[in-house]
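First subunit A sits with subunit B, and in the next complex the same chain sits with subunit C.
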Partner chain A sequence: MSVFARPQAERETALLAELTELTAHHRERCEPYDRILSSLGTPTSFDSMADLPWLPVRMFKTHDLKSIPDDEVFKVLTSSGTTGAGASRIYLDKEAAAVQPRQLGATLREVLGGKRLPMLMVDTVGIIKNRRSFSARGAGVLGMANFGRNHVYALDENDRPDVDAVKGFLEKYGSEPFLVFGFTFMVWQYLYEVAREHSLDLSNGILIHSGGWKKLVDIAVDNAEFRRRFAADTGLTRIYNYYGMIEQIGTVFLEGPSGNSLYCPEFADVIIRDPDTWQEQPVGRPGVIEVISTLPRSYPGHVLLTEDLGVVHGIDDGDWPGKRFSVLGRLPRAEARGCSDTFSGAVA
Partner chain B sequence: MSLNDRLRDVFVDALQLDGDVDVENLKYRDIDAWDSVGHMALVAAIEDEFDVQFETEQVIDMSSFKVAGDMLRGLGVGE
Partner chain C sequence: MSVRRRFPAGPDVSVDELVAGLSAEAVAAPLRVGDERVVDFLVAFARKLLAPATARRFPELASLGFFLRRGEIAKVLAAPEKAGVLRFPRGLVFHVPPANVDTIFVYSWALSALAGNRNVVRISPRSAGAASAVVDALNEALASADPVVAQTQVMVTYDRDDAVTAALSAACDLRVIWGGDRAVTEVRRMPLAPHARDVTFPDRASFAAISVAGWEAASVRERREAAVGFYNDSYWFDQAACASPRALFWVGDAAGAEQGREEFLALLGEVLADKGHVVEPAMAVQKRVSAYGVAADGHARSIRFDGNAVATLELTSAGDVPREWLGAGTFPLATLPSLDALVPMVRRKDQTLSVFGFGQGELERLAHDLAGRGIDRVVPFGSALTFSELWDGYDLLSEFTRLVTVRA
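Take a look at the complex of A and B:
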């Protein structure tokens, strides 16, 4: 069953009921969360998605927020962001740990189907060789491994491009559909550049990539340019960027087949807020991205204000129903701080 | 050899298990060897041994020795 089927009005009705219940669930089980909401005078029922109380995503770096007892903690995910303040700590119980790969699977099935394809990983083979010490990046790569078979790595143990490995992969599997995964900047530097230099044919590939554009914007490559040059120079046209974060593990916002718009699976949504008034922005006007998902039950991460800027391009008017949006970059730090200070004050 | 015996051998080989591990009651992440890296190797080894192909959903749902055995039976592998 597709998670990209319901139009916006229908999904909002379903989501609002679920998220209202989730908010009560977390208030009952996560004392600091309840304290924050109480100090803000948050009600228990909400007229719209935009009325749901959000937490700034960085609160998971400064506070231990969980809605499960200590003895039910199965796994703690950690990640450091790019802007200091330490690492987020995300607590999962067994159920949460089992749900998140399933929902990621349901989302990606839309573009990959159920069959596992031969898979080229645009990352270092060191990720599986040094298994006791892998990074957040390694965990991301391994989480994607389930979607493919016969995995081949495009970089050797010393993080150098392994052109022979890529060529060997393409000789063996390149005449049928194959899957490529990597972080956006790595894909550009270690797949695009290498493929162009060696005239590799990637036209049967399906590329899934994520991780932000900061390094590529510096060399003037944005999403549209990324797609255009991959198509022109390597034949690769089936390209799907996604946006997601560890604080909402299992939820990804996926680029549609026509490119340049991200879509929300039905268990998730986004709201763009004005950074001065925090009101919801209309379609077409940029602001701060709030991400909403029904997956987080073991920690209060169901409604999060990110530190990213984005814009909604349209609603129910694209490849799939719902909102379609783009991520425009990071929020300047001063603005984000203003907001989380309010919340730190409430918790202290 | 029975399906369970063959599957047990695949688990022991792919995850490099010691002799004292209770393989038939093993669950994903019970032991260090069956982490996400081990899982990739295990799935590939089971596919090779039984000449089957699992779909993505099955790889995600393969949470124990017993589940893996049931999946193989579901794919028509004889006891």
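Take a look at the complex of A and C:
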């Protein structure tokens, strides 16, 4: 059963009821969350998705927010923050830990089919071997590995492209569908460049990638160019970017087959907000991305204001029903011109 | 171990050369307290800061320019002296200013130069904008200055280098450390000569207070001026300067305070609109994170956003007042029955109380009740960021000089 089947109106009706219940669920179980909503005078029923109270995603870096008792904590996920503000801490109980890979699987099934495919990981084999430096990237690679079999890594332990390994993989599995996974800039740098140089045929591949365009924008490669060059130079056309974050683990917004738009699985949605008024932006007007998902039950992360900018391109008018949108980049950091603790060791 | 010479502009020098050049023996006609050669140089420098193009681009440099006019300098130097007590420079002063308030180092250095000291100032490599404009103006003013200025006053930039900081620390007679607790702790690891000492400026927190009775008695114009002053105190350095108010207390009758608050917020909104104040989205998000955080911790009963520019939080209890930075334009509020109620809350860390509508007598009573435990300055709205030679409980000119007593 597809998670990309419901049109927007039907989806919103179902989601609004579930999320209203979920908001009450978290208010009852997470005291700091309830205090925030009480201080804002948040009501208990809502007329629309846009009325649901959002938390800035960075709250999970500054506060421990969980809706489960301590003795039911099964797993604590941490993200290394790029802003230096510390790491997010996401608390999962057994049930939440089981739900998130299941829903991720249901989402990816749309493009991968039901079978596990041979899998080419565009990363270093060290990323999962070396548990010491177990990073968000490592967690991503490990989480995704479940959706494939016969894994081969495109980089050796010293982070050098392992062309023989990739060639070997293609000789063995390249004549039938196979899965490729990696972070966007690594896929470009270590798969596209290598495949072009060695004339590798990736036409049976299905590429899933994520991680942002910042490094590629610097060399003038955007999503459209990425897809065009992969198709022209390697034959790879089934390319799916996705957008997701550890604070809504298990929920990914997946690019549709024709490219350049991300779609919401039916247990999730996005709202783009005007950064001046915080009202919902109309289609076509960029703003700050709010991500909504019914998955977070063990922590109040069901309605989050990200620090990413995005735009909704259309509703119910693309490859799949619902909203389709793009991520445009990150909000610049807020920096104050204060006189305290400005050195951070730079002097001595 | 070489450093970049910003003033007087010149080639990189090794720290040993730098220290040798600044030794007392290297100067033929040593500076005195209030030396005319320094005064003339500072006045010429101030004129450059007050040039319309510079003052428009960096309003904070205009304030600095005013501080260094001849008349203002004369006031600073006019401290009455006792018979038989003579005042002399301390010697070599090493200034370590903060990275991102671009003008602090100039105040610190200028007062020390007026005191007749030889000075070496470390300008952070991260400083930019106004700091560069200052260095340019200093170098321009040097053209007409007595050579003793270039000989005795040096500003350098160097990256994180313990060896340089250590060498300058060992060589100086007084070290001035700005930039907060961490900077003070780090720099203090470098030993000083036995006779030398530190003047430190650690992290501080500041508050504002409005008298309900004073507000009620004030004219419409005075109320509006209060809002403008509060705007300057709070928004000029994104509310992150040590002296910017981190919270606003209304002192007096609760019902009157309710009404006053609404009027004040409306006036502040008008000032923000007049000034064309723009809030970056990242700052708006930062304010939400901070304000929600105070609520999550149980310290705020309600949060209100008047646009992105003003966030106000009703504190659960005035004693829980947050001292950390909550983003530009975030004001925890509480009503206190009287100024006495402030006394038990105040800590050593607290620096400035900006006030509106109180009388000199009640404020001095407050100071007596605090007895120096905290709050080093009480100033009217609009003056929180106005630098003075009396700062953080120090009389800086005294700190920068030493006394010799003579009795026949």
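Criterion: the second predicted complex is superposed on the first by the 329 of 348 C-alpha atoms of A that agree within 3 Å, B and C clash if a C-alpha of one lies under 4 Å from a C-alpha of the other, contacts with A are read in each partner's own complex, and residues count from 1 in each chain.
One rule holds for everything that comes next: a contact is a pair of C-beta atoms (placed from the backbone, for glycine too) under 8 Å apart; a residue touches a chain by one contact, two chains touch by 3 or more.
Owing to the predicted nature of the structure, the values given are computational and were not obtained by experimental measurement.
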Practice prompt. Would you sort A:Lys215 into first (subunit B), second (subunit C), both or neither based on which partner it touches?
Written response: neither
Fill in: Partner chain in contact with A:Ile36 - subunit B first, subunit C second, else both or neither
second
Practice prompt. In the overlay, work out which of subunit B or subunit C sits against more residues of subunit A.
Written response: C
Discussion item. Looking at A:Leu305, would you say it contacts subunit B, subunit C, both, or neither? Reply first, second, both or neither.
Written reply: second
Item to complete: Look at A:Arg229 in the shared chain and tell me whether it touches subunit B only, subunit C only, both, or neither; answer first, second, both or neither.
Response: neither
Discussion item. Output check: A:Arg196 vs subunit B and subunit C. Expected answer is one of first, second, both, neither. What do you get?
Written reply: neither
Fill in: Partner chain(s) touched by A:Pro56 [first = subunit B, second = subunit C, both, neither]
second
Response to the item:
Residue positions on subunit C within touch of subunit A in the complex are 96, 98-101, 104, 122, 124-126, 159-160, 162, 165, 178-183, 186-187, 189-190, 201-204, 237-242, 279-286, 288-289, 292-293, 295-298, 300-303, 307-308, 313, 325, 327-328
Worksheet, complete the sentence: Residue set of subunit B touching subunit A in the complex reads 35-37, 39-40, 44, 47, 53-57, 59-61, 63
Practice prompt. Mind listing the subunit A positions that touch subunit B in their complex?
Written response: 98, 101-102, 105, 108-109, 112, 114-116, 128, 131, 139, 142-143, 145-147, 149-151
Fill in: subunit C contact footprint on subunit A (complex, rising order)
32-33, 35-36, 38-41, 55-56, 58-59, 62-63, 65, 275-276, 288, 305, 307, 331-334, 336-348
